[in-house]
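You will see subunit A twice below: alongside subunit B first, and alongside subunit C after that.
Moving on, here comes the complex of A and B:
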């Protein structure tokens, strides 16, 4: 930690913050499904996954805190929407189950690629955590891969709803692969595989195979970035989410809860 | 004791032979007698053992209601997960609600087993909630309007549940008793979670303390009702006779009051019952009667302030997503048939 130069610290923050925010928002939205999923067994599995995601976010926030940012709780509860760097599609309010499964499958594949690449980092506090996180993420990916396949091959209705979900999500996916500002920091960190073009390429190859195997209509290339959550650009959905999330904390920000 | 068990086993064996030879009513009565001898000797009944229909039906009623109450109990707290005021609290509350659903799932599996002779499974047992055919605990019909309510539910309701469930640990139905062992262990974590939330509020600002007192005021009376009337109904009495449960409603309520009066007062909070006092000789607590009529009606007619809203959430999950379960079943069936070896 003490050996890190200022530019390296900045680079690490630029790398970790969007990943932390993605994981937190995904976990938060997941927790909104509590007691509302299609069956009790899914409730148990999905709520474990949501806790894992928020736990991963907590790990990343603590890492950011060690790099000079405010505490994990402050990062979650006291930031305005414009300081959040999650991909904007993840802040979309939950719709039907097929929409959630589609979004989570598309996200988990990216998360898998991203975490694998992170293992190449020279920053050991990061790779130590990522190694543990990957053990859990493996199951998340498995869970949503299965869910995606079952909906695609289940009934006409489930397939139709899955296709509708994908159609809604696809045009808003682009900033999932992006970083805020220039990508020079990735070179400094020795992580060229995390470049937007690389991530998009690896992800597209895997998606094309899944869509082909399940005979799902291919929605085409992911469109260019219009709203970049990595730069703090968000929809009203994030502000609404933050209003709900901080409602109790805001009653008294100085008192412990 | 061993001799007694052997004797009963022998009689059961002979009886089985007689039953298969034909004739029912005499054997039925005799079997019931032997069953009651087993119960009175403190023996435990397993799922595959013969049991009188009345015993089975009482168990189904009890375990179905217990399981559904765990599931419906997820709703008042689940609403607070997105709003939990710190990372730690959010993860803990999420895990707690997950546990409650897990308890519901385990208990429903027991109820499903017992209901098999009636051809009723998970779908039907869950449909019963939506059709008002199974009741759930009065406390889960109530509003939980503040974060303090989320803490007080863990503190008081889970604390109360520990008391009622602890007496079921010795239940004559062994699968229920075994399951409760695990459930009670988890409930005590929930109570500690609730207590931690409550303590933080009690030590906090005036606004936090007021919020806590407000929640205690809301939950005390429903908790007095929670344990049921002093004069227990016929079903509850039969459950005592069958040793499905082992303590009276009033014994449980007294235990609760005794445990919680010092806990609440030591937080610097008050209990909203001017009549509450302990007899110095008998140690018996005197308390104001809850509004029996109001809460009874609430439970029987699902007419509490939040009954319909929470049933609507269950409907959204169960009925609204039947299409997902159908798709899952269809896809799984297809996968299995595709993997069948060609004949």
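Moving on, here comes the complex of A and C:
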């Protein structure tokens, strides 16, 4: 293992924790669709994708553990909501299918941009994993791109529901691009492309193209950060999610998977 | 006195994929470096998919297969697993079990009747590593190991 200085270690934690939490929460909400998606194939696909996401989160949590944070199990089961750093829009309870497809497409594009940028890191334990994750994520992006297109070009109702989903999500997207505290740590890590302004810019270009191609009304620029999940700011929805997720653990601490 | 490299590899070739009983983790390409130390053996394992729930199970089976000697198992990520790491024998074992091996071309042979008249149904099968296909000739749905 590399000899990391204290400030590098802190910077890596600041970078990796939000990504781990995003992946975990997205995987958890995805798993709640099990047996409820519109068709059997989708059920297989979405549960597979959710399992992937949780696997990616687990990889990141183990990396965080190697950097001095508690174990993956402790990070997932024992943290209060105020210590979670996922983007707050991801904790939104599932609504209809179009809402989920909209959220996931918007998320997967950001995740793709973020993972590509992470490959520029000098921290090899991270880039090794990211390379692997990208091989798996390729299928997720494909899946939700197809789903998004299908709903946008399907029936009047599917298109309407998709537009409604986007309208609900869009104003709450901002902290997806943000980081906790100052962005100086990105300089330390040599990852300027991960700056909030950069991420938002790259993401917006790809979105504008999709919305244009599918003739969807452009919702305008993503508003600035109001609630920043990266700083532990969350809605009641996250506390509710954590209550459900940790229920078994709270009943019996020794219960294994 | 630890085991020889041959003994370790022979023991590892008895550890099977939990879902495909004729496919060993060696043929699956999951075994990385094996280091034989003075009084311990270190085995590096390469995860196929990061979220695969069988990984813990496989690790326990490796520990059991090498229980005669102190063994350290590490999951390594420095060379990501790819489906091209499955050996010729592994590909054959997959086919015999009814799962099409990964392919570089679009053409996928049905593991049941050998027909190439097959169609891709979904990139997601019942586990992370498999995609769904359908054979137009023998009307059999089947799975293929994802090419990654």
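Criterion: the second predicted complex is superposed on the first by the 250 of 257 C-alpha atoms of A that agree within 3 Å, B and C clash if a C-alpha of one lies under 4 Å from a C-alpha of the other, contacts with A are read in each partner's own complex, and residues count from 1 in each chain.
The working rule: contacts are C-beta pairs under 8 Å (C-beta built on N, C-alpha and C of every residue); 3 or more make two chains touch, one makes a residue touch a chain.
Quick caveat, the model's predicted, so the values are computed rather than measured.
With both structures placed on the common chain, the touch criterion links A:125 to subunit C but leaves subunit B unconnected.
When both complexes are overlaid on chain A, the residue A:4 reaches neither subunit B nor subunit C.
Counting the residues of subunit A that each partner touches, subunit B and subunit C differ, and the larger count belongs to B. When the two structures are aligned on the shared chain, A:78 is found in touch with neither subunit B nor subunit C.
Of the two partner chains placed by the overlay, only subunit B lies in contact with A:252; subunit C stays clear of it. Look at A:139: by the touch rule set out above, it reaches subunit C but stays clear of subunit B.
When the two structures are aligned on the shared chain, A:158 is found in touch with subunit B, with no touch to subunit C. Applying the stated contact rule after C-alpha superposition, one finds that A:41 touches each of subunit B and subunit C.
Once the two complexes are laid over each other on the shared chain, residue contacts for A:55 go to subunit B and to subunit C alike. For the contact definition in use here, the residues of subunit A common to its subunit B contact set and its subunit C contact set are 41, 44, 48, 51, 54-55, 58, 257.
Interface residues of subunit B facing subunit A in the complex, by the touch rule stated above, are 71, 74-75, 78, 80-87, 89-91, 94-95, 97-98, 101-102, 104-105, 108, 122, 147, 197, 200-201, 203-205, 207-208, 211, 313-314, 316-317, 321, 323-332, 334. By the touch criterion stated above, subunit C contacts subunit A in their complex at residues 47, 49-53, 56, 77-78, 80-82, 121-128, 132, 146, 148. The touching residues of subunit A, when paired with subunit B in their complex, are 28, 31-32, 34-41, 43-44, 47-48, 50-51, 54-55, 58, 61, 72-73, 76-77, 97-98, 149-151, 153-155, 157-158, 161, 244-245, 247-249, 251-252, 255-257. Residues 41, 44-45, 48-49, 51-56, 58-59, 124-125, 128-129, 131-133, 135-136, 139, 142-143, 257 of subunit A are the ones that touch subunit C when the two sit in their complex.
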